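Take a look at the structure below.
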Amino acid sequence: MAHKWGMVVDLDRCTGCEACVVACHAENNIPTVGEDQAARGRAKHWIRVERYWEGDFPNPKIRFQPVLCQQCDEAPCEPVCPTYASNHTPEGLNSQVYNRCIGTRFCANACPYSVRFFNFYNPQWDMPLQLQLNPDVSVRSVGIMEKCTFCVQRIKAAEIQAEAEKRELKDGEFNTACAQSCASKALVFGDLNDPNSEVARLSSSNRGTKLLGELGTKPNVTYLERGTWEDASHG
Amino acid sequence: MRIPMGWRKWLLMILAGVSVWALLEIVLPRQRMRASGPPAYVTTGVFTPAHPTAAAAVKDFLDIHPEHPVQPIAYTHTVHLAKGLPCTFCHVGVDQGPEARIPGVTVCMSCHQSIATDRPEIKKIAAYKARGEEIPWVRVYNYSQSAHVRFNHAPHIRAGVDCAMCHSDMTKQTTAERKVDLNMGFCINCHTQKKVSIDCETCHY
Amino acid sequence: MERRDFIKISALSGVMATLEGCRSAEKQLIRFVPEEELVPGIATWKPSVCTLCSAGCGLLVRVMQGEAEVVRRGQQGLIKMGLAKKLEGNPQHPINRGKLCARGQAGLQVLYHPDRITHPIKRTGARGSGEFQEISWDDALKELAAHLTTLQTSNSANALAFLARPLHGQRHELVERFLKAYGAPPAVWYQPFDEAVLRQANLLSFGHAALPTFDLGRADYVISFGADFLGTWNSAVAQSIGYGEMRQGRPGRRAKFVQVESRMSQTGANTDEWIPCRPGTEGALALGIAHVILSEKLAPQGAGSRAGSLIAGWSAGLPDFTPEAVEKQTGVSAAVIKRLAHELTQSGSAVAMVGGAPLAHTNGLFNALAVNALESLVDAGRDQGQILGFTPVLQPAIPAQASLASLTAFAQSALSGQPHAPQVLLLYEANPIFSAPPGLRIREALAKVPTIVSFGNFIDETSAQADLILPDHAPLESWLDSMPESGSLQAVASLAPPAVLPLHDTRSMPDVLLGLAHQLGGEVAKALPWATYDAMLRAAYVPLRTRGGSVDAKTDDDFWDAAQTQGGWWSTPSTAHSPEVAVAKHAPVSPAAPEFAGAAGDFPFYFLPYVSQSFGDGSLAHLPWLQELPDVLTSAMWSSWVEINPKTGDRLGIKQGDLVEIASPQGSVRAAAVLSPGIAPDMVAMPVGQGHENFSRFASGRGANPLSILAPLAEHETGSLAWAATRVKLVRAGGPEQAKLVLFAGGMSAFPHQEERR
Amino acid sequence: MQATAEQIEQDLLRPLFHSSGKYWVAVALATSLLLAGVAAFGYQLYTGIGVWGINSPVFWAFDITNFVFWIGISHAGTLISAILRLTNATWRRPVTRCAEAITVFSLLIGAIIPLCHIGRPWLAFWMIPYPNERHIWPNFRSPLAWDFFAISTYLTGSTTFLYLPTIPDFAAVRDAATGLRKKVYRILALGWQGTPRQWQRLEVAMHIMAVVIVPVAVSVHTIVSWDFAMTLVPMWHSSIFGPYFVAGAIFSGIAALILAMALLRKLLHLEEYLRPIHFGNLGKLLLTMSLLWFYFTFAERLTAWYGNSPPEMAVFWESIRKQFAPLFWTMVVCNFIIPVPILAIKRLRTITGTAIASAAVVVGMWLERFLIVVPALEHKFLPYSWGTYRPTWVEDTLMASSFGMMALLYLLFSKFVPMISIWEMKVGLQAHGGVPVIATADRQHHGLVLEGPLPTDVAE
């Protein structure tokens, strides 16, 4: 049975440590754009930890909310691309085909989650920083849209390995960079079509919600709401 | 009936001149600026996927590349293959992962320590070794950086795809020539015949 | 070259074809024969150790073949070599169990940093002018050896000083041995945020001069007094793993988490209940809660008596700490205090911890002892066993000596020449010019030292003063080891060989010292008989074989190899036990109110410089990944900022992004204002890390350094830096255009925070 | 009668053979503007599109604003002239050609802008469906693909529609000119002899085109509106956008037409032909559109406000009360407050009056497009990822040069083609028994049906 890659983000576990953000930069050759470009709103973070304030001193509350590409089943970014650069893979990913992208930026406008990032210039690394680049991932050049791929290079590698060993993929045998680095296990990645996978089990939790679910984009990322001490059985 | 011109002609010509000059001003100075693109041999201290020159950009766009680059050593595949050496003897890794090693001086000398040491080409290799230098082979088969292809040899080898399928018959070549044009059509055709995935993300990510 | 120049056309097509004439001249480099045989395209994972903070997490380094530009035999060229591509946690390592924090992962960029010192250099210009010239290792080492021998021969060996940030494992041992044998005073271990107070407190309360380890996974109730235990404090990764468990790891059981602090930290942002408390009175609050527990007999008889006995009036039930009295001191309502007392004692298992700001007051030790007392009152004697624990000690623990004290002593001796002026200073990874309060006059002190030799691999404010720099390898290029003092209930001895070959013409500092010892001969050579650092490590690690644990080996060689492949040695949980250290009976400390530098009248605001989530104490500000990492609370990148309560902002006419000036009796800094509801109106907070004058292209001249306006106030008992004890005043100094605050969250730059709610 | 026919021919051919100094200065200015744009684009191509002010989340701004603006302008000509022809308002005769020319040129510009705005312009040819061994086609589900086809269709259509009625005039020029010109115009005139058969064919062709072009025009701007309406973006996702955009397009189109006519009238001394009545009538049309535009804007805003969904309200308040309020209210003033009184009061509906009103409308409609594109993108669903936008000099230059290009093409056109259809003027004249009735709608005359062949002096 085909895989369907999905993720669960447990907002009750997320501590806002942002290990996922750096992990993503390291894994996916995401360039640092520098102060000037960052100031112009061009910083690239395929995964970001949003935070929202509620209430004022002395009772302020903060909600952390990691946001990455939701890999929607009904992705608004896909139909609008005139060249099929943004399309849906059989395994349920919104793939961004860099070489096919002509840079209309329509997909980025259509995406309600604002998780698509554009290469306004050619990226650059002060030597020898380029030695950190991951050879399994393309370095995107100017005029190309890019976004979270669920670390497709890791998926491919694992699938090829499993195929070579003539076996099925095991749950947790590989992981996206962000989920791998998440100390509090707020991010769980896996195959939604495998009923025994942790991600499948968690996404059916009664705390589960979809980000902007009302838009009907059918995300493959499920958010688990924060619990409260009161409703959990204590003492 | 002729259109009366006179000073207007000159005005127009000057304007045109100025604008052309402005265009060149923007384009040319940066042309002369030192650039660096992969492979990062240029030591400007910055690495970018951009083409070093406009010409390089155009070549890449039109997929122009040398068919038979000149190699530092006049290696002959014919001879070695005739001797029954398997490809993997030198091109290690081709059946394990994405890349195939291009053998270095160490590999060559492992045999030519003793074999055919008197041949001029072998002497050259020995000289490299003596200087502690690697042979600067020129890459023959490669994908344009802008193709964003992540090709992986191993699965193809496992699927029993013959090396000659993409690299043509090496037994008939001295130094490698780019006989097969590895464009996307070539890949797609084979993938469709063999009924394997032609989903974009099979190769592009 | 400015950024724009780098950006080239991949763009131009047909039109430009004619311009081939003016193409750039590419310099073709020679290629060297590879020094290791690797299969291209295949990744191997090598164990290593994270040395960026004291937690000592275990790493796995993803190594793949690549082509790097290197210098070999004095010639520049390209070589195929194994290159570190990514850092991840080592799944077997008992502390971080496969996980790694943002800072740890960014450590990769230390290895590839464009501003690393790539070869030994010697000062040519005036001190601090930053003018150096390249010299060979031989000359450099000769010069250093010469300095040391002259000192020895002139019987002024005690004029050798060693200034470093606290080191891990055997490096620490090596340095101490070297100095002792040489006859020099002990090294000056300096870092701005040291844990001397807590170590001392734990020694007194629990008999362990070490940082605590919490089994949070089992906790049902956590009250933390200022400890940023999910961000930067103690063993953050280990604690985060436990936090995840205590939140959602146990079906139907979810722990409550209460944080007491006056500026909401990243950790505080995750609380169920956040309790602002007047700075420096956290101890009083803890005792207030204890008072309720004792007076209402909520805890078993005699619980916490040991730690409690250190507090005056404990046996009498803390009569001075009635909730009402405490409310007056702390500003926390009596009702809340009572409720907390009940919740703490009613929940299955509870733990109280203290760290960070509460310890950085003049009454830090009192605060620590008070919370420790509360901790043992609510935690000890529960049937599930205690949440608080201590890592079994493998090597003599880092002496609970305060950094500030020793640094001050050093500065004094340099400035006054009494008792003896340092002649030669060896510098390693410490940057006191940046991180010590200006009152210590470190800059002048260093100016007085005739010879300064640095082993650092970056130029920073302090190493810029050096006469000679012998650059160390990057961590991933060196033998690494560490024996963490907390984070696991197993004894842990991390160990790793170099993950990659050296990229530049550098040498590992331990090897240089050992070589030096050999050259000096005599006592020093006797004390350090090993030729290389790995030999020394082996000598230290092999004895562990007999203790069983994670490595099961017949011979020492097997053990040594196995330990390397595993990334270290650790005891099995069952064998975990940590004997208490007997301590002389300490007189009960009587409650002390915090003292502050600056009169409340002239300086109306408490000033809180806090450890930055991105840069730690500032030593990581040179890593671009961390510079562009949006601060999770403010979303700020590439800048420094001042957190102000919106009410305060309104009162002083300060808007989001305005430039504000903070002035203390010691000086003033300017930074952009960030209006945050998570901070008390009478307090301003500022992250440490930016404001470097001279620390790589990415950090230099960026933002402001809050440490530069700190008063040199010390905690009374231990003498460690009271970095939260300075008061400041605040004025608007300009508009957003001067402040240059870069925010990732566009929604916040234009609007006050209320706008973001949805 | 002959005299007046001569008169018409001379007046209308004059610009082709004699040009004032003013004219050449205008050409020079337009050219330099255009070249500045070309230079700016070269710079952008070379350095990367980052030299624009766009960022995330504001990925579209001036580029798409101008695109919609010019496509809108293009609805002046063909649509209007087609309608006027079908309803055979005879006062149209001096107006139609200026109008149709505007269409063709602004469409051209509208089609060029997207090429400049994409990240990798050299790959724009992937929009064209061509068979290839990679089995890849354009994505026909994408509104951008629809745009591509709609615009190319409209461009072809309106070019033909412009060309057909010009043939007899090319013939006229051919007969008047000498040397190289004669050769060129002989080709352009496609051997027109003015035989009844040819007149017959021309008339039929014109009639068909007029009928066909109207739905095409309507569809084009509807499709342009779908670039926005098909997304979920707050304040974009609205079913009213189709008609809203079409109305706005015609609105701005008429305004542009009036402006162009006013300018030509001065530049080419066509006071005799472009009379107050033309401006008056077009002014009435403009008034209607202004009211219609106001109705649409009101309806759109009201539904958003009444629906009160948080994401939409964020954008709503942003545009009418916060950051964009000045622009928004300027737009209302330009599109409604200024034109309505001017055009409603007969005394003010003069040439100057209508010209002023039109200028205001052109500005206002540009602002309208800007206010549709930018505020919405700045404030999408997740407030954390909101952004702000400021244009850079490159975008300003490109925009200016689009106007330069329009001016240049129009000026050159007026140099090579009579801006007023000579033969149609003659028809108008001949239809009234020699009395030069140019500007009154007549009841007896029906369409283009001609009683008998034209006087020989015209036919040759």
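Note that the chains are named A, B, C and D in the order they appear, and that numbering of residues resets to 1 at the start of each chain.
By definition in this document, a contact is a pair of C-beta atoms (placed from the backbone, for glycine too) under 8 Å apart; a residue touches a chain by one contact, two chains touch by 3 or more.
All of these numbers come straight from a predicted model, not from anything done at the bench.
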{"item": "Chains touching both subunit A and subunit B", "value": "C, D"}
{"item": "Most centrally placed chain - per-chain CA mean versus overall CA mean", "value": "A"}
{"item": "Result of counting contacting C-beta pairs for B-D and A-D, higher pair", "value": "A-D"}
{"item": "Cα-centroid distance, subunit A relative to subunit D, in whole angstrom", "value": "45"}
{"item": "Approximate Å spacing (C-alpha centroids) for the pair subunit B, subunit C", "value": "47"}
{"item": "Approximate Å spacing (C-alpha centroids) for the pair subunit C, subunit D", "value": "66"}
{"item": "Subunit C, residues touching no fewer than two other chains", "value": "6-14, 41, 69, 114, 635, 745-746, 756-758"}
{"item": "Residues of subunit A engaged with two or more neighbouring chains", "value": "37, 41, 48, 50-52, 84, 100, 121-122, 124, 126-127, 129-130, 135, 141-143"}
{"item": "Overlap residues in subunit D, where contacts from two or more other chains coincide", "value": "46-48, 50, 57, 120-122, 381-385, 387-388"}
{"item": "Topology of the chain contact graph, where touching chains are joined (line, ring, star, complete, other)", "value": "complete"}
{"item": "Partner subunit B, residues of subunit A touching it in the complex", "value": "84, 87, 89-90, 93, 95, 97-100, 122-127, 129-130, 135-142, 149, 152-153, 156, 160, 163-164"}
{"item": "Residues of subunit D touching subunit B in the complex", "value": "17-19, 21, 24, 27-28, 31-32, 35-36, 38-39, 42-43, 46-47, 122, 132-135, 177-179, 181"}
{"item": "For the subunit B and subunit D complex, residues of the former touching the latter", "value": "1, 3-4, 8, 11-12, 15-16, 18-20, 22-23, 26-27, 30, 61, 184-185, 188-189, 198"}
{"item": "For the subunit A and subunit C complex, residues of the former touching the latter", "value": "10, 12-19, 21-23, 25-27, 32-39, 41, 43, 45, 48-62, 64, 121-122, 124, 126-135, 141-143, 177, 180-186, 224, 227-229, 232-235"}
{"item": "Footprint of subunit A on subunit B - complex, ascending", "value": "36, 38, 40, 43, 45-50, 98, 145-150, 152, 154-155, 158, 197, 199-202, 204-205"}
